[in-house]
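Heads up, the next two complexes both have chain A, just with different partners, chain B and then chain C.
Entry: the complex of A and B
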């Protein structure tokens, strides 16, 4: 038994994929604890979980592709409102609605990718902001697509309950969807980062001319990064719709894109776990922690100041904090040891 | 309506929105050139000044019965002093932002600077209700309530004064940029901060002055705009600010004048597209069309319509 543990289970536990699975398991456990946990903490964790997906996709774009796009909101909008439109107005099954959202996201993200070939740097940020504004305007102007400016399954005259494979889904069951997608998403991003694709993207980030000279196809990898990030954003939108059951066009504008950017940078652009931390700081911290103390407007100030301070003093992201603390502890322990046992 | 009047009314409404937009745009360009970041807090800096102005005007008189502020402006100083105070507040805030935050942020690149400005947006959003009370919407005061008729088109005097004011201010800044030592410093920092520092230019003074001036311009833009639309909230300036970004890329960041050209084209577009589309009952799509045409223009000329192409070294 012990041998089996040492030979099979322990190496598996050392793998990073094990950690990703644990996240999924924790989310499933969270679903079971829904009546025990305070609703705001529960909501904060679930919100973090699905926006984490959008952050992961964006990290591939920013941390590895070096493309500071501000169009994440557009994809979240595409996910949420395509699901709403296909499921409620076309009365299609849920699976088909999700697939439709992903296909639409791929098409739009290819457009984003082509734009990024011609424009770079700060210009790209503003142009992608404009592109996402166009998507938002389209959503806003098609009344059926968004029922005006908001979409909701359970509100309005044509309410249709959410069903998946004949089972009725309530908003808590949607957390299971989130768990599955988060685990798969983390694994895909981890594998991509550690494959030749990740290295190709890194080389393009450092110098696109040099990368092209070395035979890296700029078009292919740029488009790839945008498509992945777009699909992840769309999934985040779909999951948010499944959980919140409501979407609002005003929530997916420039502020949202900046929030995702902040989440990725604060956590640490190149670390899968760091982004999770960053997403929690941006989307969950206020709901889960600050509102407990009834801080009112001070919570906004603290949150903003926290963002500024982290960016100022922790350029590698919050994930660096763990490494620093660990190093500090080791140093202190060795000092104490030296004090007790004396130096040799 | 005949054709000539249509054209004239488009030009006038374009000029009116240009008067607000140009100030905000110039603030953004100034910061972009010296600090090389897109300042998302530009609108917030401005609205801080506008709140100060509105607060100071409200302080001048309170109705005894309701307790609500109600002021009738009798002398020009009643209006001008609060406006100057508002501009001063934004000026100082901009100065402090650079000296407290950006000077001490060592490991920054363009993306992290963007996030710092975003953090500032959040902080100021929280600060405004704390300082000025929980009133969500306040009203700023126009210079004048009157309207004059020009060739059969109604032009509010307030907008006219704003237009004249912004023209004078922008012209002054351009002259200063061209002929003074400070202007030379700004231009050299814009082209290369390190080399400018080596050549004996005090780059940190230039940077803080850019932030301060950008704040002041934003405040003037916010004060006049909120007075024109007659309402004010924390998010009022966001749309102006986003339009200013589009104007900047449309004109091209590489010169100081280009973005202003872009701002005028954008204001003209805002006036023209609804008029054209209303014929086919598609007026709701005019913003979409405007954004699409801006992006197409930028795709065709990536350096902006009035910009120069910069050749990069590998």
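Entry: the complex of A and C
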């Protein structure tokens, strides 16, 4: 037993993947505590969890590829409304609906990648914004199939409750899906950024020309980054649809894309944990903290001020805060110790 | 007239695929060859590791029993522990007392401390006495000794069992290794056969191209004659002439196996500016070739044309690639150039500051990867192994260049001379046959330049790599180059050994100004 622990479990526990697994376990525990926790905190955490996926995908694009895209909202929309459409109107099983969403996302993100092939910087942001607007308009203008503004799965003419493997899924059980996807998503992003692909993306961000002389195919990697971020965004949309049960086109516009951008920048573009923090600040803080203290009206203002503070004092992201706090604590403790006991 | 069928685009496409596959297979063969050794080492190390772990667990579990047997009974141990904790507490209390005295700025610190020590020594003695009363030393009875011995024996038995199990596993794995070795050699043979077939196909294609080219050359020459006699527009004649030039250059390069890179009539115009005009020279295999010229002479433009950042306006660049085949660089894409065996460095260092020096080298090894995205996503064993191999290779190169101590830190803030060397190491990472250095000595002081010259020479010597460099530092160029080509305003004004160039009047004029100006 002890041998097994030393040989297998201990090395695994030292890996970062263990931390990701813990996140999944915590989400599952959260599901079990649903009756104990206040609903607003529960909602805040789940919302953070699924938008965190969109943030992760976007971080790969922005932090590693250096591609500031504003098209995240379109992919969240694609995820939510493809699920809605395929499950409700085509009457397919849930798994198939999810797969259909992912495939559509891959196709659309390849289109995004091709359109923005030779563009970078501000122009890329504008082009992707336009593209995402097209996607959103397409969703908005086919109300019969796509728009979720009219309601979720149980209202309307072709009501169909969400089922997975013959079991009826209630909104809270969908958190289990979130847990699975978040763990897998974190692992994949972590693996990618610690591999040749991540380094290749970084080198493209650093210098196109140098990357090309080293044999890095710009087109291939740009498309890859777009596809990954698109699939992650779509997963976020799917999970949001599973949890909230109805989507709204107005939620996934440019504001959402900017929110994701803010989340990634606040958290720290190069850290898997930092993005989680940033997403919570943007999407969860309002529900979990401000509204508790009746500050809901000021939440946007407070959030804005917070963003300014973070960008001013922690340009590398909020994740730096932890290191700083730790260092500060160690320093303070040693100071107090020296005050009481003196130096040897 | 033409007996052989012409090269079709489909054949060209297939040839491209073949070349790619050939390179990948070569990498795979290398990978498989290393696999068995590594697996063997892995198995042996794993066995040793588990054995050590078992031994450690055994020692740990047996230790208390052995201590008891040696005469330190349970009571003794508790007494020891309690007295130790007491001492520790007293130590901190004394330090606290002393600090308070110091803070009060007491005059008789030493005396008070002495008093304190004396009282506490008494307290301690009392405490120890109480402890000895509470936990008296008892000798072990025979039954107890027997029981302890039994426990030790059971522990030993457990250990033996575990070791046996591990050994069985190890032997099992060794057996599997044998079958794996067989499979692996088979796999290698298969790949080698495939490679042979591919290289034959590639050779066949190349010969076909050669035959076609020779035939084409004849027709083109005929056409040109006809045109010249008919006095048609000079533009179409020029086009034919360019085609003839290309074929002639190719043929010349094929004939003369000494030529590594042949540049013929290279022209690069930016609008009305003629950055490079009719430049012709050959870089021979294994030499250090220097390209010199005053500022704005178009040296870097030549480099950018070779690496296909700029598509040359006209002219031919024929290169003998890694496998010894002749390729026209104009037909290649920028990111394919490195696969042919040309690596380049940049004038302003293009390193990634976020990564360590070693990781920067790994980025450069991108063309040597055999893994794809999906393996990167799941961190497959193959990818981990590949990374380890590349890391060792990078480390080896860093050691060769004498900068291995910087391997695990960011290049940010390192001296410029070191950065230049890292750039050099990065070009070496890709197994090139030709390295293009863009002003390697720019921004270096004399000592660093001398050092760099030595390094460049040693690379040229040790790895047998042809080096093609652009440089302003005449001292460096004259001391290390075998051949020097001087250009001015995009035109060649002299080529030859450093001595010849030094005595060339035109070169002197270009550098020092025209005689007529004086």
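Criterion: the second predicted complex is superposed on the first by the 318 of 344 C-alpha atoms of A that agree within 3 Å, B and C clash if a C-alpha of one lies under 4 Å from a C-alpha of the other, contacts with A are read in each partner's own complex, and residues count from 1 in each chain.
The rule is simple: contacts are C-beta pairs under 8 Å (C-beta built on N, C-alpha and C of every residue); 3 or more make two chains touch, one makes a residue touch a chain.
Predicted model only: the values in this text are computed from it and were never measured.
When the shared chain is aligned, chain B comes close enough to touch A:115, but chain C does not. Looking at the superposed arrangement, the partner reaching more residues of chain A, out of chain B and chain C, is B.
By the touch criterion stated above, A:74 is placed in contact with neither chain B nor chain C.
In the overlay built on the shared chain, the residue A:202 is in contact with chain C alone; chain B does not reach it.
In the overlay built on the shared chain, the residue A:216 is in contact with chain C alone; chain B does not reach it.
When both complexes are overlaid on chain A, the residue A:105 reaches neither chain B nor chain C.
When both complexes are overlaid on chain A, the residue A:23 reaches neither chain B nor chain C. Shared-chain residue A:97: touches no atom of chain B or chain C. In the superposed model, A:179 makes contact with neither chain B nor chain C. Within chain A, the residues touched by chain B in the first complex and by chain C in the second are 207, 209-210. Contact residues on chain A toward chain B in their complex (touch as defined above): 62, 68, 115, 118-119, 121-123, 125-127, 129-131, 133-134, 137-138, 141, 207, 209-210, 254, 258-259, 261-262, 265-266, 297-301, 303-308, 311-312, 315. By the touch criterion given at the top, residues 2-3, 6-7, 188, 191-192, 194-200, 202-203, 206-207, 209-210, 212-218, 224, 270, 339-342, 344 of chain A touch chain C in their complex. Interface of chain C with chain A (complex): residues 49-50, 53-54, 57, 92, 95-96, 98-99, 102, 162, 307, 309, 334-339, 343-344, 346, 350, 352-355, 359, 362-364, 366-367, 369, 371, 373, 376-379, 383, 387, 426, 430.
Across the complex, chain A is touched by residues 32, 36-38, 40, 101, 104-108, 110-112, 114-116, 118-127, 129-130, 238, 242, 245-246, 248-249, 253, 284-285, 287-288, 291-292, 294-295, 298-299, 302, 314 of chain B.
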